[in-house]
Amino acid sequence: MNAIKGFVLKTISFVTGEDFWRGIVAIIVFLLFWETGSRSQSWFGVAFPWVSQVPAPTAVLQEMYRLIQDPSFWHSAYLSTLRVTEGFLAAMVIGIPLGLAMAVSKTFYGISFPVFEVLRPIPPLAWVPAAIIFWPTQELSIAFVTFLGAFFTIVINVIGGAQAIDVRYFQAARSMGSSTWDIFRRIILPGTLPSIVVGATVGIGITWAVVVAAEMISGGGSAGSVGGAAGGGLGFFIWNSYVGGSYTQIVAGMISIGMAGYLSSAILRKIGEWMTPWLAEG
Amino acid sequence: MNPTSASVAVSALPGGAIPAQAARTGKVRIIDAVKYYGAAGTGVLAVDHCTFEVPAGEITVVVGPSGCGKTTLLNAIAGFHSLSSGSIYLDDEMLCGPGKLKAEPGPDRIVVFQNGALFPWKTNIENITFGPMMQGRLTRAEAYEKARDMMADAGLRGIENNYPGEISSGVRRRVEIVRALMNDPKILLLDEPYRALDSLTKSVMHEALLEIFYKNRVTIFFITHDLEEAIFLGHRVVIMTTRPCRPKKILDIDIPHPRDYSVLTTKRFREFMDETAAAVHEEATKAFAAGEKER
Amino acid sequence: MSETDLTKLPINTLLDRSDQMSSTAVAMHRLSLWLASPRPYLMMIGFGLFLGFWYLSVEVWKLPRFAEMPGLTTVVSEWLSKNPIYGLSIFVDEYYLHIWVSIRRIAIAFFLATAIGVPLGLFLGWSKRFKQFVFPVFELLRPIPPLAWVPLAIVMFHGSETPVIFLTFLASFYATALNTMLGVQSIDISYVRAASCLGAKRWQIFRHIIVPGALPFIFTGLQISVGVAWFSLVAGEMVSGQYGLGYVINTSYTMVRYPTIIIGMVTLGIVGYVTSAMVRVLGDYMMQWRTRELALGGER
């Protein structure tokens, strides 16, 4: 009851606040500028540089309305989401234990971290052709590149988080008679959780960026098309729209990708808040 | 007094070394000051009808439990915050009051902050010359010369080109006080400046502060929650109630200046401690019960 | 000598003297410490295992799937060959042309992103009103990954060079602006108050407090910025573009020059690492106060 009341009060004070209205004004001005800019050729006979090439927001809105009724669009979104989920989960499942192992064992850290650091500067997308050669299916190679995108970020965050745990916690636990396993489970794991959450939130953002590019490169690029006209995910969808000359679809696709990425980060943040209640500020 | 003899301990000063011409400026009068945080009615009352005076050329120490609102008062004098009502005068000039609830910050009232606010990206001498250079009062050469003199005077020679991060926290506080004095302020506002220091360093800092005070006779407004520190340093001690803060007891400490650490063991000092300890403890207990957090 | 006397000594006698040791001596000392620790040997084991697995799985055991990949010896001999079979090695001018083209694009994009992103971030953090009006639009556009801009960038800008630079710029720009803004917001309010106490005007506070105070975050942002710049550049070069390391990797795949793919990847890794190291060195140079503080063990 109180929580609902608090939420309502918060919403009211936000909606009536200066921040909200100035934000609205800013976004309206931005949309007007975009609309005018993209219609500048037909309205004033003068093409506004760059913006005149971009379809107007009203046209994009119409296109989006059409797209949400189109099952093949939803199929693209589904494919991309599936790949993001696969790659992201794989990165979590492999990255978290690996990061913890590196943080816990000095020897393992000494052996694996330099190799890790040498591979890290190679951008994930540079792996696309190698992945296509290695993995038997296109699907697996896209998932692999997606995995790489989130993997490095997650591992780095896990190591950093585990190493930043205050030594006094270990000493306190030891003095109270904890076993090594207890320390791992009750101190290192929860102590690392906040940075795992951070790594995951950043990681899923990268994952969306990678998936889109990987779909464009492997599906729409020079590697030959797979999965038919609209079957290659959102990245392929916008590439295909470009090839087909449907510019409103490009922008509509971009917006969908942005919303999908934003949503998945928001969901992860919520899960993170729920898993680390001690971080909540009163 | 040449710089070499300045670096002798305070205890070596002869009894009558106080400059005869006591400063006439820096008197602060706080009249019926009130500060609300948040909306009227639902907000928190931090300062409740506060009235007292900071005499010119003296050290006035305000003692109160953490989070009682004493820093709010200091911020109002410095011009960081507005008052909700009431007024504050500096030497009969109104800093803030009806019609102008927020004072303008200025180099006549310089704050030395709780955690220190030397700019870490400027060397010590760049920090010290910052005030006069920003105000355009001195040329670079003049400012540097004055700064070197003042640093030598305060026993801070040899660290001009070090960064604050390279010197100990005790020395940093002294640099910060020199930075303030460079501007010939009417009053120094010290916001628990020695809070983070260990007690040994703290005792050295107290004597160093007194030495600076005897030399410059600048009015000092000092905030602390340490009663011993307050009685040792102050001509006048103002004991505050817990939030909302209001003077509970104002004492004039008649232990003669110059003081040094032998004062701590005198009978008169213990009498002042006995007289005030109960009052301070009572407020601390109230603050604890109210669950005040550090602000 | 009483305790009081001790603290009144000229302060510099109490300071760490390490700054007067010659830098070579310090470097030699660090090197000998490093060699005495197990770290270099563990590192060798690590690389030995990695390279050994690559060599054995591809060229000796010929494991399924691995056998398709270019092997370690093939890649190395191709890379170091005076007459590379697939056309690209350290003795071929074209190799350096590709590197140069990529670096040039990174440099232009990084420069633009810094020149626009840092001031924007400073104002976003400094002025509440500016942030209220500008930040919502910024946040509206930011969730769209720079790589999703590829087709639109090709439509918006003519030629093949500008779209690639635009994509690279976009990724860098967000990282730089956002970190700069956070940097301004991270500045302790006491510094601003102290400056205003000391008589600094608003503009002087901006120049002497806000800009240097945000510098550590700005450089964190620039580090991220170079990283994501390479990330986007590669994607941009793979999809559209002529020359550049991303282009090398993609065309080597379509032309079935598999060892060259690996050469391209390794080169990217090296060049990417060097550029981010350059940003780090520049940051250390510009923030000497921080370097020196940390060198003393950072008591604070």
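Going in written order, the chains are labelled A, B and C, and every chain counts its residues from 1.
The rule is short, and it goes like this: a contact is a pair of C-beta atoms (placed from the backbone, for glycine too) under 8 Å apart; a residue touches a chain by one contact, two chains touch by 3 or more.
In this text, all values refer to a predicted model and were calculated from it rather than measured experimentally.
Central chain by Cα centroid: C, whose mean Cα position is closest to the mean of all protein Cα atoms. Across the assembly, the mean Cα position most removed from that of chain C is the one of B.
Once the centre of each chain is set as its mean CA position, chain B and chain C turn out to be 45 Å apart. The geometric centre of chain A is 51 Å away from that of chain B, both derived from CA atoms.
Centre to centre, using the average C-alpha position, chain A and chain C are separated by 20 Å. Within chain C, not a single residue touches two or more of the remaining chains.
In the complex of the two chains, the chain A residues touching chain C come out as 18-19, 22-27, 30, 50, 53-54, 107, 110-115, 118-119, 121-130, 132-136, 205, 208-210, 212-213, 216-217, 220-223, 235, 238-239, 241-242, 247, 250-251, 253-255, 257-259, 261-262, 265.
Per the touch definition, chain B reaches chain C in the complex via residues 7-11, 78-80, 105-107, 109-111, 113-115, 117, 119-123, 130-131, 134-135, 155-159, 162-171, 179, 183, 200, 204, 207. Put simply, chain C touches chain A in their complex at residues 38-39, 42-43, 45-47, 49-50, 65-66, 68-69, 129, 132-137, 140-141, 143-152, 154-157, 227, 230-231, 233-235, 238-239, 245-246, 249-254, 258, 261-262, 264-266, 268-270, 272-273, 276.
Chain contact summary for the complex, chain C toward chain B: residues 2-5, 7-16, 188, 190-191, 193-201, 204, 208-209, 212-213, 215, 287-290, 292-293, 296, 298-300.
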